[in-house]
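The following pair of complexes shares a single chain, chain A, combined with chain B in the former and chain C in the latter.
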Partner chain A sequence: MPPKVDREKCDGCKVEKEPLCEQVCPGDLMTLGEDKKAYCRMARDCWDCMSCVKICPKGAMETRIPYQIGYHGAKLIPLMGTNTITWTLIDINGKVERFHYINRGSLD
Partner chain B sequence: MSAKIIKNLDEIPTEIIETDLLIIGGGNAGCFAAYEAKTQNPSLRVTIMEKAHISRSGALAAGMDAINTYLREDKGETPEKLVKWSRAQMGGGPIREDLALSNAEILNETVDLLEEWGLPIVRDEGGQYKLRGRYDISIQGEQLKPIMAEKAMEAGAQVLNRVAATNLLIEGERCIGAMGFGVRDGKFYVIRAKATIVSTGGACGIYKSPVTDYSGSHHQTWMCPFNVGTGYAMGIRAGAEMTSLEQRWVAVRTKDFCGPVDTIAVGYGCLMINGKGERIMEERYAHVGGEKAPRFFRLNAPMNEWLEGRGPTYVDTRVLDPEEAKDLRTDLLNERPTFVLFLASLGIDITKEPVEIYGSDPYIVGGHTGSGYWVGIDRMTTVPGLFAAGEAAGGSPNKFVGGCGSEGRLATRGALGYLKKVSLPPADSAQVEQEKKRVFAPFLRGPEFDGINPVEMEERLQRLMDEYAGGVHQFYRMNEERLVQALKHIRKLQDQAELLYAGELHDLMSAHEVIDRLNVAEVLVHHLLFRKETRWPGWQTRMDYPEVDPKLDCFVESVRDPKTGEVKVFTRPYEQLIPGDRTKG
Partner chain C sequence: MIPKVIPKVGIFIYDAGGRLSRAIDLAEVVQRLAKAKNVTRREVFNNLEAPDPISSIQEDLRAGRLNRILWVGRFPDARRRRIEGELTAAGLNPYLQEWCDLEEQGIGRGDFDRAVQAQKAIILIQMALARTRLLAPLMPLEIPAVDAALIIGGGVTGLHTAASLADLGKKVFLIEKESGVGGKVAALRRLYPLICDPHCGLEFALQKLEKSGRVEIHTLTRVKTLAGSPGNFSVRVEKQPRYVDEQKCIACGECITACPKEIQAGNTFPLAGDFSNRGQQVWNPNGLEKAIHQARPLAYPSTYVIERQHCPPECRECQKACPTRAVELEQTASELEFKAGAVLIATGWDPYPLTRVEEYGYGVYPNVVTNLEMEHISEEPPDLQEVGFIQCAGSRDERYLNYCSSVCCSITLKQVLHLKEKRPGVRCYIFYQDIRTSGFDEELYQRVKSLDQVIFIRGDPATVKPEENGRLRVRAEDTFSGKELDLHLDLLVLAGGMVPSEGSRELAHLLKLPQNSYGFFEAHLPCHPEESQRTGIRAGGACRGPMNVVHSIESGHRAAFDVLPFLSGTVRLEPTYPVLNLTKCDKCKRCMEECPYASFYFDGNGFPVPDLAKCRQCGNCVGSCPLFAVSLGHFTVQQVASQIQAIKSGFLGKEEPVVLAFLCKNDAYPAAKGAAESGLPIPPNVFFIKVPCAGSINNAFIADALGFGIDGVLIAGCQDDQCHYVKGNQLVKTRKENLAEKLQKMVIEPQRVRFESLEIRDSRRYVDLVTSYIAELKKMGPNPFKT
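Moving on to the complex of A and B:
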């Protein structure tokens, strides 16, 4: 399942030696194109772990479900906070839901 | 590196590193192994060789929603009871009860460490870890892998990210490190070590996945598709003994998207039903334990419903109220976030419509079944100096997250005992040069070479295994002649591996991944041929031998002769340490 890169938002992580998505991808699939924007070199090989989406400082990445297995238009957007994560989920009917919880530290 | 065409091996630099303990694979077991080593002896040189980046590498990349084994002592749980349960889950075994017991004894410590490191673990009203099954506890594990990785790094382990291991370094009979190449820097790496732990995870992508057919999602698999069995393959090539590879792990997963079912079924009480709305396990599998039946029965049950004309099959999520449905999806976001996106892309309300389920492709994963290296109680393999941990270590199933981490710690303890007694012999330059030549051969052939690209060969292997060696499209069934046919094809692919070419370092990694998968597939088929019975239907279904053969109540083992390539298959006896009915947990 290919991560889709918003080419307007992606700046190729200019200050980094290599973009964060390229650093983190467990499948070595993200890399920089000649235009200095990130892209997925083998869309079919993505495991959709969303590591790249979570780490992107520009919010430029989106994981898509291929049409062969799901209908068009659903979105899942993570927002990483300090010891929390907030997910926004939009289904194909436009229903919006949020999931917010602690991902580090004590739950007390 | 990728843009530059390299024509000569001498242009490729060789980096030689000396260390005390080399850990190949910085996943769960590898991180715990490194932490244990540096905690026990801070002056020890510990090096992790990792083909991705340890912060998000391996099977835990997306996170996890549960630790599947924890002993609630206040509920009367003990290591012995866990081993009994594990044995029953395997239909009575055989399992290595010695390994399982020693693991269970330190299991809780490992889980407690994770909490101390910052993993949020859900607690019940009494302040104990909240159970969602007999041994399952709930975690909010989105950050599980980064947490483990940080601790390995903080402890002072040297981490070589983006260095893929290709072969062990062997001196006489003994392992003295490993070799590999930099996926980013293009260098050849020789890591010389007094002791080596292999913790590379299991093998995915030996078989075709059920989803590959009809979408571009080649990696719509349950197990991490970047775990390709390199750890097994390196051992197989070096003549290490493998155990129980025929005990394939196949799981019931959600259909079309290979998502977790145990969370839904076990954690939230949504039972499996068929197309007619009947509860499958109660209706047809009461004699093997109904809902508590061993895992292979739970996998095979829905697939049999399809075969017998009662599909599709579902987990009945209609028992959930809206709040529970949200809690369930929160759990799923921690383990497989895109599964929640998948449900949204179907546009269904799971409290009104059940979720479809189907079987996965088969995996070789020693953290789940007994497949992997044969190891001693010190976790040393049959190759002196080489230890195995996590999914790479065989004999002891149902380790999962807590058990694989514990296994990393145990392998380190074994390795520390060993490395005190040995010194590092001088480098064998002939072996190093030979491996360098082998590793870079596809790269030197270059992208214009009239040969085979790694993707073509991978797909060919996955389809032939699926058809001849009991893949999901064959409902996991196999027979002697089909397995022989599989071997014939695997040998042809192995011959043609000489024709693999790579244009970029990523492709070079893919070339070695398919070569490694071929080694695992070959030995796996030998194991499947040897077990002329059906002991774990679904995991291992021999249509020509449909019954259990009491004579095969033992471990099936193999060794590949490094000189001739011949695979020898033999047995080892099962030893029952925990008394009682083996099928009762």
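Moving on to the complex of A and C:
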């Protein structure tokens, strides 16, 4: 399932040629539409790697979890620190699980 | 690539005569630090004056047993500077020392448990230690610079500032769009308070310029482009043809006699509409001159100038008449380029077009004039009996100009004095809202009030109508007595306001200089009145706002003083400038967007690069980067991240909240420091990190803090519109809102991130704020990431 873009928050990375989500997407699926907002052009090919969700500086991206993992309404939200990442997983019953990781390797 | 040096940190705890050991058990602290990584020495000392530990540190530094020093405790500023000097002498880079003041973080304040205080102290030392490990030696940068200044505008501000800069030995290029220098002031007849001729002061400045030999004046010249950075600007200008060779013309006047074409005398006040020359037409019947004439407004340079657009075709009379063959009718416009270290703008003001204020009939009735036209009339007044002056004509009125131009009251008083001197019998009526003679101008007011036949009327005239005999019938109400007045006047003078000149607007566009809502160049009031958001470019004089001649000259000098560092041959930069990690950067150019000083440009590969000479090192780029690829020297992302990681959020137990505060070093940090200094009880739950500007706080820092289980993050910056770096507090607020929304989705209370404005003396408020925030967080429960 491709990521959902909040069209109000997305600023198309100030209408750059390549917005951040496009640069980071391993399948080169994200691009800017005519309204200068990002969208996923090949919904079937998305692997749900969530690179775009993590990188979006506006927080405009949201993952839609594939039905094999969680039913509609479940959410997986990453929050990026400088060298850390925290995950919040909310299932359809509203049960919340959280994970916090410190990335390996140094910051530079 | 700098080889990685293994840090060898020495921790030195200054007990300050037992002050610290009274609050915490220092032996325990030292013992707890025994296993800290990269620490080779850890000591407590009690006497600042004893040769130890400084001499033994120097020895260790020279022997390579130490390469970073962490000072813990409260040091007198003067002593701190001395220690820095002493260790620099032993070969330690000043940026390899870290100072950790436990008292300003609240250790020893309030009656909190000794054990809790000791734990907080250990965390604080570990935070500082984490940072100390990552310190890098830094050296100031020196950029070669040009020692010349460019001044745009040859009015009274430009000339006096040029003269002073030349006195300091600087080369000055002065450009002026008119054919001669002097600007608006040269077109005035009298200056208050001495009622003296303004040409005298201008002449004085010009003689100084001539003598110095360091000032190049280019008239009929306008700026075309500006490139480069502070210290090394290159300015292209366009010089319009003069048609007379400046090297040959001796201003003998033979060409003027020969010239067949008479034109309307040049108007020194560009007024609106076709009535621009009317003042001279009515009161000076000889308002004609030839197409070749002297430079204006001041005949300097003394070379003549031809207004070619008025020349009859194929006319060569002036060329034939010129004894020195100075006339060159084939001249064309040329472009010049100047290298300058700094640019000063002194483009001045324009009079407000009074034709817009229709009720007074300016431009319709010939004997309604502006105060500028009155300058000439009061010098050689015709036969007048009754004269009216209307103050604030169009000023302080939301339909026209809703500000006070500050000089018009004094100008009117000056003109009344001058007129009464020439024609003692004239009766003057002054219609006013308020007479605003600030400072010593009050004396002028007193002098006018003591004159005979000068009547002050509070209230604006209701109607101005012409009469058959050429006089004006003015009806007004004196709002003090409530009496209706019906006056018959020979002349009505309107005191119009000042607006930014056409040239200012043009330059603002060209140099991308921010203007305020009235179109004057923006400043940071009150601390930096000549501040501009473009480093190395300053504006002075009336292009900053309405001001009189005295203030204009002062303002020009102040602006020149501000740019002196860029005129000294080298620009010295502190090493705390931004550095981009280009392997991380993906050219999103958010740093470029958010930089308040427009100091970023694209390098050859499309990466944004800061122009270090333009940069003011506020760190807003650090905060803006979504990939945290930007760091300031001595405030790197790694250093801050490591400090945050060193905070043990559970040290007070899971239920007791821990707050991390990011304090702007300009306002909020002194407030917090003041709280400690005045002995206010600072709860042990709060840790702060000093940041260069609230705008330098990256959302990733906050995410880090929340991820490590810190219960609340407090961002304290300046009040709205008071940020020293223009908009840092607004930027961080927007980012915070963005993050709060995400937290909401994550089922974390968005109140865990909070922005507050603190003024520099808000010490008590800081303590109250922190205390109430802790209580609020306690009610909220612990951060779900807390372990």
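Everything below uses one rule, namely that the second predicted complex is superposed on the first by the 95 of 108 C-alpha atoms of A that agree within 3 Å, B and C clash if a C-alpha of one lies under 4 Å from a C-alpha of the other, contacts with A are read in each partner's own complex, and residues count from 1 in each chain.
Here is the rule we go by: a contact is a pair of C-beta atoms (placed from the backbone, for glycine too) under 8 Å apart; a residue touches a chain by one contact, two chains touch by 3 or more.
This structure is a prediction, so every number in the text was calculated from the model and none was measured.
Once the complexes are laid over each other on chain A, chain B and chain C both fit without any clash.
Of the two partner chains placed by superposition, only chain B is touched by A:76; chain C is not. Once the two complexes are laid over each other on the shared chain, residue contacts for A:58 go to chain C alone; chain B is not touched. In the superposed pair of complexes, A:23 makes contact with chain B and with chain C alike. Of the two partner chains placed around the shared chain by superposition, chain B and chain C are both touched by A:90. Set against each other, chain B and chain C differ in how many residues of chain A they touch, and the higher count belongs to B.
By the touch criterion stated above, A:41 is placed in contact with chain B alone, chain C being left untouched. With both structures placed on the common chain, the touch criterion links A:13 to chain C but leaves chain B unconnected. After superposing the two complexes on chain A, the shortest C-alpha to C-alpha distance between chain B and chain C comes to 6 Å. Shared contact residues of chain A with chain B and chain C: 23-24, 75, 85, 90, 102, 106-107. Put simply, chain C touches chain A in their complex at residues 581, 586-590, 593, 626-628, 637-638, 640-641, 645, 698, 700-701, 703-704, 706-708, 738-739, 741-742, 745-748, 784-785.
Here chain A touches chain C in the complex through residues 9, 13-14, 16, 19-20, 23-24, 55-59, 62, 75, 77, 79-86, 88, 90, 96, 98, 100, 102, 106-108, going by the rule given at the top.
Across the complex, chain B meets chain A through its residues 51-53, 55-58, 61-62, 118-123, 140, 142-143, 147, 162, 183-184, 211, 214-221, 224-226, 256-257, 326, 329-330, 333-334, 337-338, 340-347, 506, 509. Listing the residues of chain A that touch chain B in their complex gives 1-2, 18, 23-29, 31, 41, 43-51, 63, 65-66, 68-76, 78, 85, 87, 89-93, 97, 99, 101-107.
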